[in-house]
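Structure, as structure tokens:
In order of appearance the chains are A, B, C, D and E, and numbering begins at 1 in each one.
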């Protein structure tokens, strides 16, 4: 379904969707972050990319898997805690972040479907916003099979046409959202369609960064496991978790019991994001650590994204959002690392 | 929606046996599910055990899948969860989810000789497949166990081993000389070389500390075993057991899901990161 | 005026003479203005060295890696490491000496003066430039910065684009060094704790609201800790990500590890983390401001540390990082320390 | 899982009256790991202890918590019971539900709830206690006594007579302290010197006593049973063994300075013997007042010294000694003149302090026992004694009572009347404190037999007027102002800790109270012990006291020291700090805070000297990395206790 | 009528002075509210800031640290270190907006049963109007 909506009417559309829980990027200091919309009147789609991607809504940093309790030693009870059944809409999802969800879909799908993830994923509609201008100076979606107006993973893609939005729905979930406010939408004219094409073409040119010959990288990486390259590249790494926590495709997690009462025992089993850059991530309880240093951990991050994942799912596990570059405290630049790897030894 | 695999089934500890004491104690637990048991598994698979309030730990199942009465786990006291397991008593409740991972291709091995080679707690995963093979012994050729530990006190399943001797050759070893020790003194790989199992129509399964595995494989290669004839199991830190939490991978392999059982032929190809 | 050539010359010389193992300095990077750390072994690579207002890092952080590496080596190279430090970084050296984390002979300090200014706050500059892209930033002659943009050079008074901490810095030049490049300048800082006033003057409930909002944002990426030159503990007591385990560590020890806080990034746990960090940095934080700069969520972490720096000064007349021979703030006392809060 | 037993004591109705002990025991029986919980009427009784012992044995308990009175009372009882049953003493902990709960609350429900939390908290702790054995150290079987006054002398003699070697260190050239300055002593009026000198001689002749006069303790290290002491022996420039006491030297010495022994009422030379009976009996050259030795400015004394006993080249000497116990008997000094100006003290020569008056009374004193005014050597006919001069005056001077002044003022007035029967003695007092054997009778004797006039009230002003000392005061009983034209005023000056005692206390690491007296470890139950084990207190160093009390305490302190020295080995509480070397970075902050120097850095890691450590835990709170903790009071235990206290 | 709020208070008392002072209050049968659960530690100098953060995290409405008066410390100077450390912790907690009443320190000697009673009474009284401490408490 392809429609056009005047910018003025946008808040009215949002208002019509009141039965949904709605998220929109909101400015907080110098940055943008997703928040639940409380007031549909104040809506601003002119934003840079958020610090955290919408991953944090579908796969929250902390979620309770189950609760346990004993009234005395004998009666131990456990109680599954699934996310609440609530239909949600996330507005303004950047195509890279939407694509990232298609990648986490692969991980949380497969033989064991993750019920927590899928419950949220299925009940959430993603309304994307095409990047007419790149939302970050470090965007490089074109180099990783993405595009600034990619529809992958989205239910609706909105493109700013100046005084109006072009909105295209790709799924039933998307159609439903448009149908809730039918009167506000018009069918696009031929000119509007042409404008759209033009904007889309121009937007690609504005992307400032790229990886050359991305395709050559996975096979190259495959032979670089034992290379001293990783020691050199990781010298300045400070072992923080920014690159992975901010990454829209990273999905690693930890499971811990949080005890609220120790006698009688009561508590929750909690899943939290975890991070391959943290030392104890892979450390056995014996103290043995298969990835003992930051070189091994940087290698894991790069290989996972550009070799293992490619081998397993035929996709890069990177959508070029540029967050890890922009926020790395010491300027480690994944584009540079990959290009250096590609050219390493040659 | 599929069954939520994160929710463990509750099970009662019905028997606890102290295998090894001292600073690195090992206990064997037998557990029974509280509700009806539809937990079916294959030898080599693991289960995620919960001590509620402490967390989870992945443990290989040491009983044979043919035994339906209980699940058996032999556990070395190592960290937070295993320490609380060691504090538990008969009647206490734990959680079990799984089974996870792949298993030994016992069906493919029918008609073959099997040599089981274990070190320390590494006998636990072997125990399941050994007992399976033993219970349908006619399907297999000659069975042999080569097992060793640091001292005679560190050997697990000591009573069962005595029973086992009646049914198949059992070769034990300890690392250093002890009075009254009549069997081999030395490391497990040396015992392998010493006992010279034949590679002919044989499969060797080895489990134990990484350094032992490495040298057992060398010893087996020395005896003429091919990579495809050697099987081993791998351990890594795990949280989910289903290939999602991201920490147990060796290259593209998630040990929890694609392992823990590997033929040496497959395993050789993985990056050396374990 | 800091002469970059002088720095390079000195660096090249000590490398050639074999006086140092290698030199930790700054070089240009690929993400905008942000430089990257340079680890230079070969004298010919000294050409990469830069020193300008974009050099925000406190490179003393990397002395931790150096120490860890050295303790693992069987026959370690005992030569010092050359390190480029600014005023604040040099105070970190002093604290590390005070705590015997390093010995004086472990470092060859290449001190660089901040030219009476300091380092750049990129966000402030971006606002000033209104969309124009800066290609290069250099120290000017009159407490200003010379910014190279697509449309040529412009000069901006340093005060307008300086990092907050530099506006409150007490010494814009290294207080400990083996060579000093540039001059010891003297700028009077009227109130080194001025930036705190805004929060301090809020009524308590407003202050709570402010901090709760900030601390709630924390995703516990631990970048603030990872970037801190004082956070050199092998295992942080407020940790959920790193444990020191040796073959001798007993199962009991591991099992009884105290969880002062949960891994969940919720307000209560985040507060414990930030409290512990703040209190453990009391009397140790030299206000390099790196924790705040690297925070991806823009949490004003520095204001926690700065507050305790202020209290240490006002209550106990304690200055951090000026005297490596003094006992630390919390391992000393005076008979007349204030006790008006005690019943 | 460790098996814990909980025993809740009723303490008759002391606990059970306010706390529902049945409920406490019932709730605790549900606590994870508690396999046995019961209540009993008197847990500390023999049957009560047996119940605990039996339960430990029968139920194979690994540890027990007794919820009862304060651990200060019965912790030892129950720990011994636990030991009898085969547990380590640290596998028993006390939950104080009496002093901290039942006695201070009335609401049964709330008190019970609190008792449950207190008990749970103790359970959480005891389950994580490690069994510890006392740390054993050999004992150096010698003692050091600091101070050669009556207390120090008594301690030294008691120790030496028991057979232990003693080093007696005295700062002045002679032992004897203040007691040797006194004339007669109350209430018996026997001659002080007559009873003191035999003891001094005994000290000097005792084969087990090494007397070091004109010496000061300079440095001390070590711990109970094994102290190392450095003693500075100041040069006297006179060899005692060569000196024949001919006194030729003083005749030629050109210097005259106020004589300390007579409190400035007379003068002495730079080379002098403090008093005729001085021990050791020898002269001392007071370098501060000598015209000069380097270079020799005078040299007259050595010229006349026939035996050649004077040696200008004598050097200070540091003597190192090892001892197992230390008795500190540094005595007192009088309140400083400069601080007590309102009575004209230090301004008018005829306003004297108590010790000066003692010298006037003394047969060996400057006036050969005649009471004469220092100013004109006339016999005073009207003498005003002012009690509490500097004592009991929290606003301006010392808040405490100097204790002995009531008695010695009565004695002074009485003796004055004996010397000057026609004179009049007035005593201004706040009230009379005469507790002590025969003390009250003594005061009565002064009033009734000797006609001493007691005036209850304070003196407002003392000033010189026409050769008299005018004393303005008030008689609060009569309710009228009083003006006396006195010939002499004697102040019962407050007692202060001896000068330099504070510095010594810091060296010894023993605490001082707010007035600077050395602090005892417990005001009631450990009055002889200092807070540092192996160091004991005797005499006025600890608080103002009279001679019999000082002697009693000195003997007591000697007894305490003997109880250490008589042992082959000593046992030290094992709840000491331990280091996790994996976490220690060697920053040395704990070393800086340790009050006992028990921590040191070695190869970049901290080491604990377990014998020195008292287990205070300041190190553990200081350490940023949780690399040091005190055994059985670890952060893990405290955290568990916090949880239990908050009901979590 | 709604039940009156009863604050939960954790008190870290040094063994030699403050805990002994609380014993004296008991021996003297002084009465004070039962809201305080004392934890006896060896010395106020051993109270780590972590204990305080932990107590608030685990739901304490108030925390008290009590030691010997300056100069009276059984361990000579432990309380001086405590004074410095606690001052910093207090400033920090107040800075983020925790009510100053919630975290207090006192000097209570073994002889001051009366003072102990008063400190506890006052503390409870001051906490009551504030209601439960939710700011730093772990959400359950």
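Please note the rule applied: a contact is a pair of C-beta atoms (placed from the backbone, for glycine too) under 8 Å apart; a residue touches a chain by one contact, two chains touch by 3 or more.
Treat the numbers as computed from the prediction; the structure is a model and nothing was measured.
Trainee: Determine the groups of chains connected by touching when subunit C is not counted.
Mentor: one piece
Trainee: Check C-D against B-D and say which one is joined by more contacting C-beta pairs.
Mentor: Answer by contact count: C-D.
Trainee: Tell me which chain's centre, taken as the mean of its C-alpha atoms, is farthest from subunit E.
Mentor: Farthest chain from subunit E, going by C-alpha centroids: B.
Trainee: In terms of CA centres, which chain lies closest to the overall middle?
Mentor: The most central chain here turns out to be E.
Trainee: Roughly how far is subunit A from subunit D, centre to centre by C-alpha average, rounded to an integer in Å?
Mentor: 73
Trainee: Could you please state the distance in Å, as a whole number, between where the Cα atoms of subunit B are centred and where those of subunit C are centred?
Mentor: The separation of the two C-alpha centroids amounts to 50 Å.
Trainee: Taking each chain's centre as its mean C-alpha position, how far apart are subunit A and subunit B in Å?
Mentor: 39
Trainee: Per the centroid of Cα atoms for each chain, what is the distance between subunit B and subunit E, given in Å?
Mentor: 53
Trainee: In subunit C, what residues contact two or more other chains?
Mentor: Residue numbers touching two or more other chains: 237, 246, 249, 254, 260, 262, 266, 330-332.
Trainee: For subunit A, what residues touch not just one other chain but two or more?
Mentor: 73, 254, 256, 260, 262, 265, 281, 283, 285-286 - these are the residues of subunit A that touch more than one other chain.
Trainee: If I count partner chains per residue in subunit E, which residues reach a count of at least 2?
Mentor: 49-50, 54, 77, 81, 85, 138
Trainee: What does subunit E use to touch subunit D in their complex?
Mentor: 6, 8, 10, 20, 22-27, 29-34, 37-43, 45-51, 54-55, 58-60, 69, 71-78, 81-82, 85, 110-111, 117
Trainee: Spell out the part of subunit D that touches subunit B in their complex, as residue ranges.
Mentor: Answer in residue numbers: 1-2.
Trainee: Please give the residue numbers of subunit C that touch subunit D in the complex, ascending.
Mentor: Interface residues on subunit C, with respect to subunit D: 99-101, 232-237, 244, 246, 249, 256, 258, 260, 280, 327-328, 330-332.
Trainee: Can you list the subunit C residues touching subunit A in their complex?
Mentor: Those in contact with subunit A are residues 29-32, 34-37, 39, 57, 61-62, 65, 123, 217, 219-223, 225-227, 241-243, 245-247, 249, 254, 262-266, 290, 293-294, 296-298.
Trainee: Sort out for me which residues of subunit D touch subunit E in the complex.
Mentor: Subunit D reaches subunit E through residues 70-72, 96, 98-101, 103-107, 110-111, 113-114, 117-118, 121, 509, 511-514, 519, 521-523, 531, 593, 595-596, 614-618, 620-622, 630, 633, 635, 638-639, 641-643, 645-648.
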